[in-house]
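By letter and in written order, the chains are A, B, C and D; residue numbering begins at 1 in each of them.
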Amino acid sequence: MTDVQQTRIAAGAMTADTAFRVRMRRLFGVLQGMASNPATVIGLVVIALMLVMAIFAPWILEPNSPDPYQMPRDWGAVRKPPGTPGHPLGTTNEGGDVLYGVIWGSRTSLQLSLMVVGSTMIVGTIVGSIAGLVGGWVDEVLMRLVDVFLSIPELIFALAIAAVLGPSFGNIILALAVVLWVKYARIMRAQVLQIKQHDFVDAARVIGDTKLNIYLRDILPNAVTPVTVQATLDMGNVVLIGATLSFIGLSEAGIAEWGVLVSEGQAGIASGRWWASTFPGLMIFLWALAFNLVGDGLRDALDPRTEGR
Amino acid sequence: MQLRDYILRRLMVLPVLIIGVSIVVFTLTRIGGSPVGIYLSHEMTPDEVAEIEARFNLDKPVWVQYIYWIRGIAMGDFGWSGVAAAPVADVFPLKLAATMELAFASGLVALFLGIALGTYAGARRNRLPDHLTRIVAVSGASLPQFWFGILLLIIFWAHIGIAPIGRSDAAIFASIAHPTGLYTIDAILAGSPTALWDAIWHLVLPSITLGYGATAIVARMMRSALVEELQQDYVDAARAKGLAERIVLKRHARRNALVPTVTVIGLTFGFLLQGTITVEIIYRWPGLGRWMADSVLRGDQATLMTYVLFTSVLFLVVNLIVDLVYANLDRRVTLGK
Amino acid sequence: MTTTGWRNGLQAGIAALALALAVPLAATAQVNNPGLLVHAADDEPTTLDPAQVEPGEGGETVILQVYDRLLDIGPASPELIPSLAVAVPSVENGGISSDGMTYTFMLREGVTFHDGTAFTADDVKYSWDRAMTMDLPEGNAGALSDVVASTEVVDDMTFRATLSEPSASFLNSAVVSMVASIVSQDAVEANGGVEAGTPNPFMAGNMVGTGPYKFVAWNRNENIQLEVNDDYWGENAKLDVRIEIGGDPDVRVLGLRAGEFDTIETDPSFIADLEGVEGVTVYSGGLLLEPLHIGFNLNIPEGALPSEDTIPVDFFHDPRIRQAFNHAFDYEAFLNGPLAGFGAFNAHYTPIGIFGHDPNAPVYSRQNYAEAERLFREAGVWDEGFTVSVITEEGNLFALMCLVLKDSIERLNPKFRINVLAVAESVFDDAHAQNPLEYAMWAKNADPAADPNFYMQAYQHPDGEWGEVHGFANGYRDAERVASLIDQAAVELDPAKRAALYSELQTMLYEDPMWLIGAQEGVVSAHRDWLMGFAMQPLWPRPSLKFAFFDK
Amino acid sequence: MLDAQHGAAPVASVRDLKVYFQTKRGIVHAVDGVSFDIRDGETLGLVGETGCGKSVTGRSFLRLLPVPPGIQAGGSVMFNGHAVCAACAGVGCGACGSTGRQAGRDSSVDLLGISSEDMRRIRGDRIAMIFQDPGKALNPTLPIGAQIAEVFFQHRTEELIALAGLPADTAGAIRRFASQSPRFGDGWLLALPGARAQRRQVEAALAKMVASALAETQVPNPVKLMARYPHELSGGMRQRVMIAQALACNPDLLIADEPTTALDVTVEARILELIRDLQQRRKTSVLYISHDLSLVRRISDRVAVMYAGRIVEIGATAEIFANPRHPYTRGLMAAAPSADTPRGKLAAIRGTVPELVDPPSACRFLGRCPHEAGACRSNDPALQVVAPGHSVACFIDHPAPSGERPTYDRVTA
């Protein structure tokens, strides 16, 4: 009996250690895989540029006082075309500087996506983990709740929530968070269930590890990859849905956010004032594209099946 | 036998999900404050406000209101739409027909185009056509539809002036009967080429706008499914039989790649349904999506509740059908379990 | 390196791009849709029933075309003209009794409803009684029931109304209002009849009137179709009508430029896009009688404000703060920006064009930061600052006015913060209908009227409609004086003396403002050149057009 | 090098075959200069560990390598196809001496050099292949019959038309149907009454051919089997179907790539027997690829041992097993699975197959070899004859250029 146990302990310790090494080697492989895909590299570069723009926005363009997330409105210079002195990308119907909107919009978008993805990831991970670890009726109830949430098409759901809460950027964040956490819960639960089957988790259990320990050391790190892929894709997706909600009219007026700018600038497109929505629209497109490219690249790099035979 | 158990289980869960959705929807609209704001004005006395609330049973406890709502739905009464100034149930079928026509047109185009594109790319993996298709696919999923639509509108409607907006020419519309509400079908039934052409012509730009993203989804799925199938042994086995590459691709790989691609129909359907909102706004398409957007902005809760509930049920049913079809189609699924 | 360096480089390149892309749209020369007038409307009606329609709501436009009223207002002047009544009642022609209590209308013979039934005095009585009986809260029945004590059919072609008290504005405000439209008794009785407090679904979506247009169809969210009534008692309309509903403002502008629409509803901010466009005529003239205003709430319930707000509930009790807001607002920016120059400064409640407006009375028309700062300092809020929310409807001029206010106040002192809550129409209506109001400030426009007394009662009198909701009595420097001046003016029959009273009020209220009035909006409209007989009458429901006059 | 007792020209000769793969880590030399012959009618066993390149070698006969990332780096695979006896269509008759072959009409082609169209004609007809896992190598969504039918469509159109009782000059949609090359609109054409009848005839003929092909593999009730799907069958049955499909056209060469690995041991024996039996009846040459030495010993006439992209030893089965020369072969034999060791494991040889990215000029077995000497580090041994019909690539049996010779006694750490 003790013999068997000891062998198992040894095996457990060894596999856990190997698992870590395998993970590190895989991570390295993933990075290498991503670097070899030109589309992913382009995506990474665009994301880097966007991040630089977002982080250094206050140094690129003087923040509007007192609220830098409000468009600086020059009511005396409304609807100026690009190339107007002081407004290289033109101005909006409210005299807002489009360049300011484009640059500070990256900051707003970053906030939006970080807040939504961050909160949904945390909530989803916790709920999914609880469902997967506890099992039983808790799992059943949580998963039915998740199913109900997944039954409503996400844009329509977010639209309904934002509509009910009233138009504001904060409410868009809230609506998206309410809608999107379920994806992570589902991924996380599947991961927990899958990894629970693995030998090394069994081994750890045999040597008397606490559940929490097993979870933190073995299960959580293994689940990081699919969650990361989903989060990367969501970083772009969230901005896209947010902008769509803004377009429909659920944003608050006057903030420096790309979706708001497209929707406000839309009013002038008919009259040849293409700039106020074109540039911010392009930014939404690039943002979503970049994260989609990287998310795709990440998924491909993580997917063992795409390795050459 | 396993398949039947699976179907039974799915069918049993369906009502649970629908009730769940209805509770979520109902709760949501009650959080949002008064559903009758659209009728109120500041000239009203509190008595008058109470009178309007009583008209909509808002003086009752919340759970009673929910029962009223569900009972109404069961009897075909979805409430009164303030925006359409008519019972929701009266206007809904007309709007639904408009939206479905648009969604189906886009969906069909997307399905065929997506499968063709995905096959083309998947068969030429890691070569130029594959990279180009990838760009189409990723950009399709990243392109803000409302922005794309506006750009098309500007070019083809405002600048070149060849594309129309709306759903039909009013005069041509009036010239034929509309038994189905799907104008293309109506035109065929009426045997009027003019009306058919008019209906199709009005469909073109909205379908492109809506279909682009859907094409991307299908193409992407088809590509990866095909790449996966092409790596299977049976493809090599088919080649080893001396089959021409064309037949290997069409009869074996593509055919089997279509099976997992079926699952994407559910996803695409949701995408199209959501997309109709912005596309209908832009192209003045008189469907559910535009009505919903109007209702959202004007606080027409009866419409909003019906719309969310209906689209969810539709989404659920379509996904259920897709899953069942998939389980049936893919014999490997039953084999594996 | 400064930011200007790279900005200049970017500018040069993009200016060239701008020139290349801003190609003018191709103009269409021939007349589109001959025989049909296509009007692009802003809002979808919520109802087509005169007894249910809310003043200023989209359905009024359609009701104006399809139903007739006893009297009408012509396109040229605000004078009343006969319609279904053959004469405008007056004391001289015996239509108004000498005590001003009974009005007798001689009706037009040989008029038929669109369903073929004959028009008689019964229909008039039925229509008015119907509106007053239904008394729908959302409708405007009060315009009749507030003054009409009883109605009576004298004979087939004579109708008499008895008032509850004399009213000089009965004809102007009640008889021509949409709620007083004459509906077909037979049609209503055949479709649900009259039930107190309950809307009639048939009438909400159908119309049987006597007007120059017959109702054909209402395709929700799409269009409303009307056709010429060939049996009209007056001059026949020339063009069938299709009212296109619910396009975005820019789609309407595009459609007009492309020639798909003949007339469009627009607001001044879009006029710049239409000026100089070949084939399009921009009509502008006169001012709307609906000042754009922001209200100060002096009656905020404790704890009701949004959580971000830092002001005390009695914030606006101090007239200096209200004055300071009025001084700080950038009027020129608002007029020249969102209103594109169409409008006038008139910072108090006797609108330009209304009797009693004193052009010499002081108005807030220029941003005066020095004065605003002085007043804010005096009121003791300068150093600490404040945050206050202003609620308004999203997506229109009101929201833009709020943004101008936000910029004006926040630039004056960064410690001052204005949150603009631009919400859905129904949410706003809901908030706006509460008494007491749970927001410190809100923005909208005033309801139009023809007489100064209406504005004074509704918007300035401490016991008036808003005086009560907003608690003006808490804030006026001399509430009794304001009340008595308004009451005096209401009954003063000598125009000169009355004008003097209003003049005094204007001066007084300048020092003690209860509103911030951004501007009085100009009347603007745009239509295709090929449209003949274009006329506007601001006293008609917006967009103030009668399609029957048009031809092309 | 040719075995005297056969004397005939080999059915296939592989010369200096090199197949490289482009991977993220570099170019993998999966097959690196392999030469051997397959003699007419013999069974050649190709053994080695997983990843040694034996499957790639086998697939090279059919050019079934993914183009990128596979690189056909060089060498040749000469194939001497036989012309089918005109009298009996390959069944075997008096005219051809029961060989089914028309004497003197053999043609030799380099399989690596011909056009893909020519290659396609050879595949399934002259050279066929059986795959490792019949569950994966059969299309899961097509009935068995339809899958075997494809071989006949492809290579036996004429016979099909003849068997259906149609004139040999049948053209148009029916011919296209019988050769599985439909054009757009053929569906409608074939629905026409006249064509439909002809089509039925073709289908009936086809069913007959498929059934007889299946019957060859001793499956019960072949007609019923035709309508079933692969997943409805057991593994053994599936492999029988694969074999029927492969042998349908009576090929000259059969590549059997671990055909029994995925099967139970009991089934394995029966399948082996079947292959053996069919091979002997039809005089088909077989390249039998396996990692299982004992299995190869049972079925092969000759054995080639592959290691790391090279053939290290080749010779008659008896000779090899009696007198293994290469240390790797010896290692394999020592590790030969007995009844209770799990299959597919060669646990006794320490280490693993080296990565084949840019291999150095040294013995590939270096590092795993218990007898390695200095010469093995700097020289790459080539295959040399050590006995008649027995070649080995090791310096033990033929000195390295330096003259150094490791011996079996020497064991280094």
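The working rule: contacts are C-beta pairs under 8 Å (C-beta built on N, C-alpha and C of every residue); 3 or more make two chains touch, one makes a residue touch a chain.
Quick caveat, the model's predicted, so the values are computed rather than measured.
Student: Taking mean CA positions as centres, which chain lies farthest from subunit C?
Tutor: That would be chain D.
Student: Which pair wins on C-beta contacts, B-D or A-B?
Tutor: A-B is joined by more C-beta pairs in contact.
Student: Provide the C-alpha centroid distance between subunit A and subunit D, rounded to the nearest whole angstrom.
Tutor: Computed from C-alpha means, the inter-chain centre distance equals 51 Å.
Student: Compute the distance, rounded to whole Å, between the mean C-alpha positions of subunit A and subunit B.
Tutor: Result: the chain centres lie 24 Å from each other.
Student: How big is the gap, in whole Å, between where the Cα atoms of subunit A centre and where those of subunit C centre?
Tutor: 45
Student: Touching at least two other chains at once: which residues of subunit C meet that condition?
Tutor: 23, 25, 248, 251, 254, 257, 394-395, 424, 427
Student: Enumerate the residues of subunit A that touch no fewer than two other chains.
Tutor: 163, 166, 249, 266, 269-270, 274, 309
Student: Check each residue of subunit B and list the ones that touch at least two other chains.
Tutor: 158, 281, 296-297, 299 - these are the residues of subunit B that touch more than one other chain.
Student: For subunit C, which residues are in contact with subunit A within the complex?
Tutor: 3, 7, 10-12, 14-18, 21-25, 248-251, 253-254, 257, 269-270, 272-274, 330, 332-334, 336-338, 394-395, 399-400, 402-404, 406-407, 410-411, 414-415, 417, 420-424, 427
Student: Going by the contact rule at the top, pick out the subunit C residues touching subunit B in the complex.
Tutor: That would be residues 23, 25-26, 28, 36, 44-48, 54, 59, 137-138, 142, 197-198, 201, 204-205, 219-223, 225, 242, 244, 246-248, 251, 254-255, 257-258, 260, 394-395, 424-430, 432-433, 435, 465, 469 of subunit C.
Student: Which residues of subunit B touch subunit D in the complex?
Tutor: 126, 232-234, 236-245, 247, 251-252, 255-256, 259, 329-332, 334-335
Student: Looking at the complex, which residues from subunit A come into contact with subunit C?
Tutor: Residues of subunit A touching subunit C: 60-62, 65-67, 70, 73, 75-76, 78-79, 81-86, 88-90, 93-95, 99, 163, 166-168, 249, 252-254, 266-275.
Student: Enumerate the contact residues on subunit D facing subunit B in the complex.
Tutor: It comes out as residues 59, 62, 64, 68, 116, 120-125, 128-129, 131-133, 136-142, 150-151, 154-155, 180-181, 229, 231, 242, 245-246.
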